[in-house]
Amino acid sequence: MPQLVVSGLTLGAVYALVALGLLLIFSAARVVNFAQGQLLMIGAYLAIAAQVRHGLPAWAAYGLTLAAMALLGVVFMLVAWRPLRGRPTHLVILTTIAMGIILENLALIVWGPLPVSLPAPLVGRPWRVAGGVITMQQMFVMGTTMLALVALSLFMTRSRFGVLMRATAQDLDMARLVGIRVDRTIAAAFAIGSGLAGLAGLLVAPLYLAEPTMGGSLGLKGFVVAVVGGFGNLPGAVVGGLGLGLIEAFAARYVSAEYRDAVAFIIMIAMLCVRPRGLFGETVGERV
Amino acid sequence: MRPWMLIGWALAACLPLLLGSGYAVQVADLALLNALAVLGLNFVTGYAGQVNFGQAGFAGIGAYVTALGALAGLPFWLALLAALVVAAGASLALGLPTLRLRSFYLAMATIGFGEIVHLVLLHWESVTGGSSGLRQIPPIGIGRFVVGTDAQAWWVLLAVLALAVLVAGRVRRSWLGRAMIATADAEIAASLTGLDTLRVKLVALMLAAVYAALSGGLYAGYVRYVSPDQFGNQQAVLLFSMLVLGGTGSIGGCLIGAAVLTVLPEALRFLHAWYMVLYGAGVVAIVLFMPDGVVGAARRLGRRLGVG
Amino acid sequence: MSLLVARGLVKGFGGVRALDGVDLEVAEGSISAVIGPNGSGKTTLLNVLSGAYRADAGSIMFAGADMAGRPPLQFARQGLARSFQNIRLFTRLSVLDNARVGAMGGHGPSLAAVLLRLAAHRTAEAMATRRARAALDQVGLGGLADAPAGSLPYAQQRLLELARAVAGRPRLLLLDEPAAGMNMTEAMALMDIVRRLRDGGITVLLVEHNMRLVMQVSDHLTVLDFGRRIAAGGPDEIRRDPAVIAAYLGPGHGEGGAPDA
Amino acid sequence: VCTGPIRVAVVTPTTTALALLGIQAANGVRFAADEINAAGGIAGQQVSVTVEDTAAAAGTALSAINRVLEPASDGSGPIAVFGSPISPLVFTQSEAIRKAGVPFLVTATNAGITAQNLPWLFRIHVHDCQLATLVPAYAVQTMHLQKPGIIVVGDDYGLGASKGMQATLAAMGITPAAATSYAPSDRDMTAQLLDITDKGADGIITFGRPGDLALVLKQIRQLGISLPRLGNTSLMAPTTMANVTDDEADGAIGIGGMLPQSGDARAQAFAAAVEAKYSVPADNFTVAYDDGMHLLKEAIEAVGCDRAAIRDRLAATSGWQGLLIRYTADARGDLAHTLGVYRNHGRSPQLLGTVSEAGF
Amino acid sequence: MLEVEAISVAYGPVRALTEVSLRVAPGEIVALLGANGAGKTTTLATISGLQRPRAGVVRFEGQPISGLAVEAIVRRGIAHCPEGRRVFAGLTVAENLLAGGAIHPARTDFSADLARIYTLFPRLAERAGQHAWSLSGGEQQMLAVGRALMARPRLLLLDEPSLGLAPLLVAQMFAAIARLNRESGLAILLVEQNASVALSVAHRAYVLENGSVRLSGAADALARDERVRAAYFGG
């Protein structure tokens, strides 16, 4: 039991981080980035390349990865969003899916199909609490997620930049009319969102190995979490993420490992029927 | 029907004679099957504006019910008919609770549906044969006639597609088609004209499911083997891409989108490992340079030629 | 005869009480108006009366039926149609098709009839087209039937909303600021249309800030302020009502919607 | 008699989540072909290998097989086709092979593959049914497990094996403590492992691919479980070894297709050469395809380029010595009947011995 | 300060403006009148950079600005309050106003600006924490104008600011416009359907018809013009 909680929360924290990145990009650019999972994968590989192949110390490898991911976010925005701005969302969605395909296969070409791992940055004896074991890395994952959540929430609600970012998302042309440099704002959002995906990649690589295809299911779960939490709600994403992680762990154990994902999806659909805008979704307005 | 359309259908009927080779005809057959599913998707996504990533799931239901029916000894067409009914039922089960949802929430619910179908196909082994699927499915046929070659399959599938296009056109030009588009464009206004928008969306989803099941059922009889991997999320995304690429809301666009995205990966095969990268890049390029799909681009070109 | 009788309507949003016990009667065959300061609850009232919002309390009798709590499409099927303050057209449909959606309402034939082109389908389509064209002619959009609705300029989009509402042959038509964005000459032309609709048997309830127009066209006015009815009566009565002048019209308002040049 | 270069095709996933398997397979054929060509080809003709990607989807697999079966401009089709290690993909392609009449050498491990009554199809790798009998037998007879827990990857490969092993155990009067699986994309198997230990298992039998078995090994240690571990040879595959610690790997026993890394000097040289050439280690499948190519060469040299003759020749294979095992064709078209038993010492697998299917 | 010289604008094949020229001097209120579809909104959109002219040039304080990005034009001192309000629906009233000051340095203290706007439109103060989508039509209109003022522009482009406002508020709005103009010398280019009010506050006016300037002159002269009265005053 306690062990299930630990592993559920760890995986849940990763889902939450993916969802946070997704939400950040969404909150400025109004697009769901279906390549978020693939960005995570790239982050994991970059860290491995820096630390394992080129022997950089962990902190340097991590810093370098996050910086590179932020840059990649900007490139991503220039290629997949910028030329499409103002176009219907489903086009942007399709573009991000295609970008995901590109990233995944580039990774396959560059890094090959072998699963590889990243040494855990913190080594130490695992903790034993209430009959469960928590490794340092698991604590690191959960702690980092919480930190990221707090920092992002403050950033989005307290800073002026957060307000401008949300204004940009609401109405791009109007944002330009009040003088917001929308390209920079959205580039920043993509940089942070991609950085968050990279962070998630760094955190999972020591736990779960990196493979070119690792992003697909993590990205999808991040999307589930964003929806369950209520799109646009950061704490909702974290609660949703941890919740999904727990549900999956318990479903795998007590319902059926085969139908673990099915249980997660059924609960999600049932929940959406009761709360059509997610757990914490605001009734985003439509006036008649 | 306009003359150029007639010419198009006539050319299509001659295609196997022009292509000659088995491989090319077989790719063309798969394109027809995809086109059927995309045409269905167009009702619910193109017209009624409801995102649906569950289309591959409906195709899977259609394929498995057809396969099981035919393996159990039903005539192929009867098994196919049963598949359409089951898929229609599944669409109601999915649609009733979820069609009230909006945009991303609906997208997620339909992705979930697709995943659930996939998992059931994979794990309900005693019925579906699990991941090794169902083999030696009786071929497409009616009465004495049985489809034997890829070219025969092409003619049968083309006839089915033509019927599907006819039905799609009739729906589009009727109050139902208008109601679907009205629901997508301004749901509140539509319901205040007295339209039961939930029902309209349900009908659209049901048509989508029936088309998908038709595509899946024919696939089962054509390939004569079904396995869950053909009906996963990747396929759902592919079908969605075909719709967008061709031009959402346009029947011709569905056909073109299905053709392009079935043939493009094949045409890029010579690039080996790079072909998936190029494929992704191709989709991005098409979206960037033909935002309203191939059909929209053609229309714009036509206008320019007409004007200039 | 009152076509519509609402009693004690209440609608709150969080802390805001947009409607706070509003009574309203609309006589059959009349043009009535609801006026009031911005944010006084006029649009909310129309939303409640058309079923788009559900009232927290109060009753609505429309054409003899108790409508409170019913979904919008039942209001429509009972013979109610409306236009919107923020235009909501079916932008991908042609002008004619917008009106045809209005004309057909919820009475479309079955899927089988559509697919097989049965008589039911053909007569329904013919009827819808006839009514839609008539409605377009009534508002003066007859010439634009094939244009995509999304491409019309603002004022014509408003007219199309009107046509769509009228095409369903409603008994009661609710109009929310139909003349917004029109100049006086255009607004006057619109009011001629509204009058003709009334003469054709449609009862009209409108919300409008253009006083010159409202006073000319309405038989009866209801004035809201902070979600309450502060006055009701004929145009002359209202124009002189001190409470209305203080809350809404402002001093110096005889005829026009604004100080005259 | 053969005219012109000898065309051989490989249809296998080289993209998607199954890319590693497919690439390791294709490497075997390519490596052997290069070796053969360097030594003068087959009957004086050079071998040309085309690799077609099937992705992980049936539709793509179908197009891929039809494409390779397409006659070239000179009218000649491939002499033989190597199919993939993935059973559903091979099933999808079987009808096309039947129509075209081309020898089809596969490693897909689903037992049903060779039960299709398809005379053109040969399997050059051991299959689930053999493992499903031998692994539980080893668990019970050699390791003396009475109540093993089973955890497998939830795809055709793992689930098929799980079903077979449960049947074998049942025949020996043993019910497993638990039989669970994880989705191929799952990264957290703790729930399943806990299920097994909670139900009082005295050992863990696992079946999976290298990437995920590394995780299983890791998580077993993370959870502090110290039960004996037995499974397929993915437990000692180089990919697995690269991603676990000595402690996590040590003591696990694997049975299955044989690995070149722990074979004799020749096999080790092969493993080193393949890894140096393709930067991807050779595994049991690489060996099988390499053997398959050499077997094909000998068949062609013996009977020429007539496909039916090649087929008949392959069907008559008996005691042909490959890199690690001998191949003998049975009536269904299965050629491999010998499995290796390995045990990890730290991260280096050691061959304990081989076991053969009854009758071989 | 603003010179629009012979601009022509088209939407695809649709010609919206043909060689429109107009001028706004510092401290001046200029009204732009015209029937529906005459091209008023297009003219403002071209000035603020949302539309590119096919021909002609827009100059602001002597510098050509047509061709600059929208963001850059705002930063030169032109604020545009567009047709249809366009409030940021998911932001609160206060956040909308904050966004209006986007061009000012990050550390700017907006409290004085906010106070000024709340005195201009007290209803906004009452609704400060409410999401903009839930405001009534008129409240949204106030917010849109308030937001434009937050940029502290030197030239304000107003597209139908009285749309949906109650008579009392129309009067207040125009009084406010006149006061802003008088007290801080703010130049205003005003598009307004309510021709009589517009001409009562404007110094000069232009009348557009089918994308071309048909009439122009002093506001009071135009207000007396028979053609103008027939077309825009409702007879």
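Chains here go by letter, A, B, C, D and E, matching the order in which they are written, and residues are numbered from 1 within each.
The criterion applied here is as follows: a contact is a pair of C-beta atoms (placed from the backbone, for glycine too) under 8 Å apart; a residue touches a chain by one contact, two chains touch by 3 or more.
Keep in mind that what you see is a predicted model, and the values were worked out from it rather than measured.
For chain B, the chain with the farthest CA centroid is E. A centroid comparison over C-alpha atoms places D as the chain most distant from chain C. One inter-chain figure worth recording: chain C and chain D are separated by 73 Å, centre to centre, where each centre is the mean of the chain's CA atoms. Computed centre separation for the pair chain C/chain E is 29 angstrom, with centres defined by C-alpha atoms.
Rounded to a whole number, the gap between the C-alpha centres of chain A and chain B is 31 angstrom. Counting partner chains per residue, chain A shows two or more touched chains at residues 105, 108, 258, 261, 286-288. Across the assembly, chain D contributes residues 15, 154 that each touch 2 or more other chains. Within chain B, contacts with two or more other chains are made by residues 122-123, 188, 273, 276. Interface residues of chain B facing chain D in the complex, by the touch rule stated above, are 21-23, 26-27, 30, 122-123, 125, 130-133, 135, 223-230, 232, 234-235, 265-266, 269, 272-273, 275-276.
By the touch rule above, chain E contacts chain A in their complex via residues 48, 50, 69-71, 74-75, 79-80, 82, 86, 88-91, 95-96, 98-100, 102-103, 106, 131, 133-134, 147-148, 150-151. The touching residues of chain A, when paired with chain E in their complex, are 160-161, 163-164, 166-167, 169-171, 173-182, 232, 284-287.
On the side of chain B, the complex with chain A involves touching residues 45, 51, 97-98, 100-105, 107-109, 111-113, 115-116, 119-120, 122-123, 188, 233, 237, 240-241, 244-245, 248, 273-274, 276-277, 279-281, 283-284, 287-288, 291. Here chain A touches chain B in the complex through residues 32, 79-80, 83-84, 87-91, 94-95, 97-102, 104-106, 108-109, 220, 223-224, 226-227, 231, 258-259, 261-262, 265-266, 268-269, 272-273, 276-278, 286, 288, going by the rule given at the top.
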